[in-house]
Amino acid sequence: MGLTIGVDIGGTKIAAGVVDEEGNILDIHRVPTPQTAEGIVDAICDAVSEAGKGYEIEAVGIGAAGYVDDKRATVLFAPNIHWRHEPLKDKVEQRVGLPVVVENDANAAAWGEYRFGAGKGHDDVICITLGTGLGGGIIIGNKLRRGRFGVAAEFGHIRVVPDGLLCGCGSQGCWEQYASGRALVRYAKQRANATPENATILLGLGDGTPDGIQGKHVSEAARQGCPVAVDSFRELARWAGAGLADLASLFDPSAFIVGGGVSDEGELVLGPIRKSFRRWLIGGQWRPHAQVLAAQLGGEAGLVGAADLARQG
Amino acid sequence: MGLTIGVDIGGTKIAAGVVDEEGNILDIHRVPTPQTAEGIVDAICDAVSEAGKGYEIEAVGIGAAGYVDDKRATVLFAPNIHWRHEPLKDKVEQRVGLPVVVENDANAAAWGEYRFGAGKGHDDVICITLGTGLGGGIIIGNKLRRGRFGVAAEFGHIRVVPDGLLCGCGSQGCWEQYASGRALVRYAKQRANATPENATILLGLGDGTPDGIQGKHVSEAARQGCPVAVDSFRELARWAGAGLADLASLFDPSAFIVGGGVSDEGELVLGPIRKSFRRWLIGGQWRPHAQVLAAQLGGEAGLVGAADLARQG
Amino acid sequence: MGLTIGVDIGGTKIAAGVVDEEGNILDIHRVPTPQTAEGIVDAICDAVSEAGKGYEIEAVGIGAAGYVDDKRATVLFAPNIHWRHEPLKDKVEQRVGLPVVVENDANAAAWGEYRFGAGKGHDDVICITLGTGLGGGIIIGNKLRRGRFGVAAEFGHIRVVPDGLLCGCGSQGCWEQYASGRALVRYAKQRANATPENATILLGLGDGTPDGIQGKHVSEAARQGCPVAVDSFRELARWAGAGLADLASLFDPSAFIVGGGVSDEGELVLGPIRKSFRRWLIGGQWRPHAQVLAAQLGGEAGLVGAADLARQG
Amino acid sequence: MGLTIGVDIGGTKIAAGVVDEEGNILDIHRVPTPQTAEGIVDAICDAVSEAGKGYEIEAVGIGAAGYVDDKRATVLFAPNIHWRHEPLKDKVEQRVGLPVVVENDANAAAWGEYRFGAGKGHDDVICITLGTGLGGGIIIGNKLRRGRFGVAAEFGHIRVVPDGLLCGCGSQGCWEQYASGRALVRYAKQRANATPENATILLGLGDGTPDGIQGKHVSEAARQGCPVAVDSFRELARWAGAGLADLASLFDPSAFIVGGGVSDEGELVLGPIRKSFRRWLIGGQWRPHAQVLAAQLGGEAGLVGAADLARQG
């Protein structure tokens, strides 16, 4: 058995990477993300063709944000691209002449971490991806669990606050409104507004105003010990850890893997998440505790995972 | 293949039933539930021996409230009996001379419904049991999913209200404080206190005071159209349905099965639960919807399920 | 003593009315609301001059949305007009040559209702105005209570849901996000999205889509018995009544007066508010209950109240 | 003008003190608190008679927990004593032969602080008393504001968490469940349970178990820097400060006074309360901020306040 291609569809770039059986990326090709839904399909096909030149490729795996159906063929709904019941598998197969598997991007990233990253050696793993939003993936009994209709593991949209914050999904109080990169920035802005004297480092990294605060500023300021930035990470961790405790009540995995851009800060955010997880874990004294691990594959987890899922067919 | 015995440990009675491969109960034997932890072990053994007389029994399955370990041998913690790391499997095996499987009682009930009740024909089913508290079970890919350490599917203790009601588990805001028989009675008492003129039917069924309201009164009064009783069921359904919507985001099953004493009221409670489920389901227009089904096995689901799990070994 | 002029600054029109000692409006003059902050000051002066022609006017009262200082002279902050520490009293006095009193518009409306509307005969009255947002006014011991710095009675911004909906004020979970005209429309849209089959009347009044729902549609549909519209009013009332119960715990008035556009629906909304108020009132069996009354002066309450406050100096 | 007696009814002792016009306690007499409602009336009369011996007393003020009617004569409802529509004023007047004023104890304490303590020089003051529960008092325009029916300022029972903790009052989510001495102990127990390794100091002060933690232990441990104790005070302060921000939106006083046993810890608790207050204050940059002051009269505030209210008649 040999090589497969994994595709990651980002907001600015589409990446196609040739991946071997050990999860190594041998080659990667990137193209800018087009504006239109159809243009993105074209760009995916182009990137796959380019990346695969000179390699013998067996299959293609595509990670896509949104609902993917149980056949791993159709994107039922994508939040950022106008795909509605989009037959992505068929379109790309016809163009590139290879078997294609479409997978939710957070599922693909979870699979990547399970196979080649922090999840190696575990049979039951829950991954959460703290990016702009909050995604996730479920591995139970060494298999990716997609639900009956393909749309399981939408962790970001469980309700953690009744009558809480509005979410892009149309509901209120979704977990990703409280534990995500976007939430982190909101926490920082609110705190900088209320107590600017505790945010001098943070404000100094941007344009000096609370409104100008960006995610990277919060991370950098937290590393420098800025009280508002540290407190913003703590608030994020409070919600992330409490949610993991709920997932432990539901899934009882041996490990949680925390990935996504927010987790790049490592112990700065993982330490407080572990503390909050333990604080809220039900029956903690009577049960073995799941580990809370940092993801290892970084931004490539989805691409590598999609490629591996395609290999498994 | 042949017969197995399933055991259900209730607050007042312990029942042991001989169950065949189709889930039929051929014979059942009941003994009073003793006061002491050790006495209960004795009573289980006695009930099993009595029930099995005259039958060729292959194995015994015991459904127990609480945490059961991943070997299905030890009760790590029971909420109502003083069992802490109780080696129930070993004790009973030694006494009755048959292979024993211990299972969480809500898991056992879920399995019973999946095999012989409302879940027949489904591969991926989530069961919730609305009894005094709220329990549950997970079937994914035709297997009961117990988690890595055996304590998965503790649905009753996911946090649905931050800083919410105290729970017997030591945490706050647990789902079972809002969706369970106990919650139903609380809703009715609070409403009867605030607006007794809307609770005349309900109050008339008990001792005339809000404090005297019991679960059976609420059900009966709701059937008679008592506004406070109907509204109490609606409140319960509001929380139950919203929680099912969360479970749909997580598990995406093809069906939910709602069992437990509260569900005995049938459409009186299932109708509003379905409505609330649909109200809170994320992305409802872009995905197939899980069915919300009434359990079919009633109070025997746990016994039948435990017997069947024992058969499967 | 004679006539005064009250000014109401609306989003589209500025109204100046000549008001007598009994609260009758003898004459009213309206001008379009200009775009700029300074233009609005000019328009106020013009409207006052025009309205007063042919009358002997003693003083002018201006109701303004936002924080007004304790001297009733300066608008510290206005949410909709770019007034920041705006010396409105001085500017208008110089131009119109009459004593001017500036008052928060909801305070003015409360005073109007207290003096000439639903509050007549009460010494201690709390008014809430359910318009686009939620405003209020406090009368204790027959005096309007403005707080030490002039910014009391900002009822709309007490926090009723921790970590709740974002508010224009920068905070989260403010009451006006749950009890206001804007909230009502949100409730209707969400419900129409989830269960369009229960919203046929409501959707038929607008452009057929949930997004096209406006406040007037919800009112009309509720009058026609549309389930989604009725349920939206009930949800609004749930929050409004619970908040009134809190205000009863704090202020213990003899009456609450509910005004603003939402209250134009009369018993359709007041009935459920009263029910919810009673449901949540603390110690309800041991205390006299405040009445919950519909406002009587409609949209003129603020103008009449401002005029009367100017008379009292 | 001369001397009056103030009475404080505690759980273990009833204190009657002779107080002069400057709020000085000249003499104090304490008797054990009897078990029965009628016995307490007797004990009050005895204590007053004993305390007054040798003084010329003009009047008696009694501070009582619970609802006191608008005539300051009848205890409508007391939470800890079986008084229901108890004509306390009449009973005591007949026995001691002096004019008697009955006042809610938190109101009396607020008045004491306003007149002789932290509130001197302020016209508009809101007091909160963080004792076992949370009480309060309102001074607006230099007068104690009791509401139309006498039961205003029940701050402890405004709802800060919908569907939150059960309260002794029968409602849920009341502020005193989150900001009070009882809440502080709950916070400490929960945290000591979850992370005992961070509670060694705290656990060492009691019987070594989380259940054995008492309020005094939390205070002492916080002074010694115990992480769990410090965090428990911070949680209390989070809720206390957020509630004060709500009260600022409502009352806009020039000062808040924080009294009660919890406030004895001084800056340990007041510092975090101020920080939280500022965090949640609406429109903070556009308005003058109320001060948050420590009470000065300690446990005698109620007695002194009641005596002074009696003097004022």
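So that you can tell them apart, the chains are marked A, B, C and D in the order they are listed, and the count of residues begins at 1 in each.
Here, contacts are C-beta pairs under 8 Å (C-beta built on N, C-alpha and C of every residue); 3 or more make two chains touch, one makes a residue touch a chain.
This is a predicted model, so every value here is computed, not measured.
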| item | value |
| --- | --- |
| Chains touching both subunit A and subunit D | B, C |
| Farthest chain (mean CA position) relative to subunit D | A |
| Whole-Å separation of chain centres (CA-atom averages), subunit A against subunit B | 34 |
| Distance between chain centroids, defined by C-alpha means - subunit B, subunit C (Å) | 50 |
| Chain centre separation in whole Å, for subunit C relative to subunit A (CA means) | 45 |
| Junction residues of subunit B, two or more chains touched | 161-163, 170, 280 |
| Interface residues, subunit B side, partner subunit A - complex | 67, 76-77, 84, 122-124, 138, 140-141, 143, 145-155, 157-162, 169-171, 174, 242, 245-247, 249-254, 280, 282-283, 286-288, 290 |
| In the complex, subunit A residues that touch subunit C | 161-166, 170, 172, 178, 190, 193 |
| Contacting residues of subunit A [partner subunit D, same complex] | 162-163, 191, 194-195, 275, 278-281, 284 |
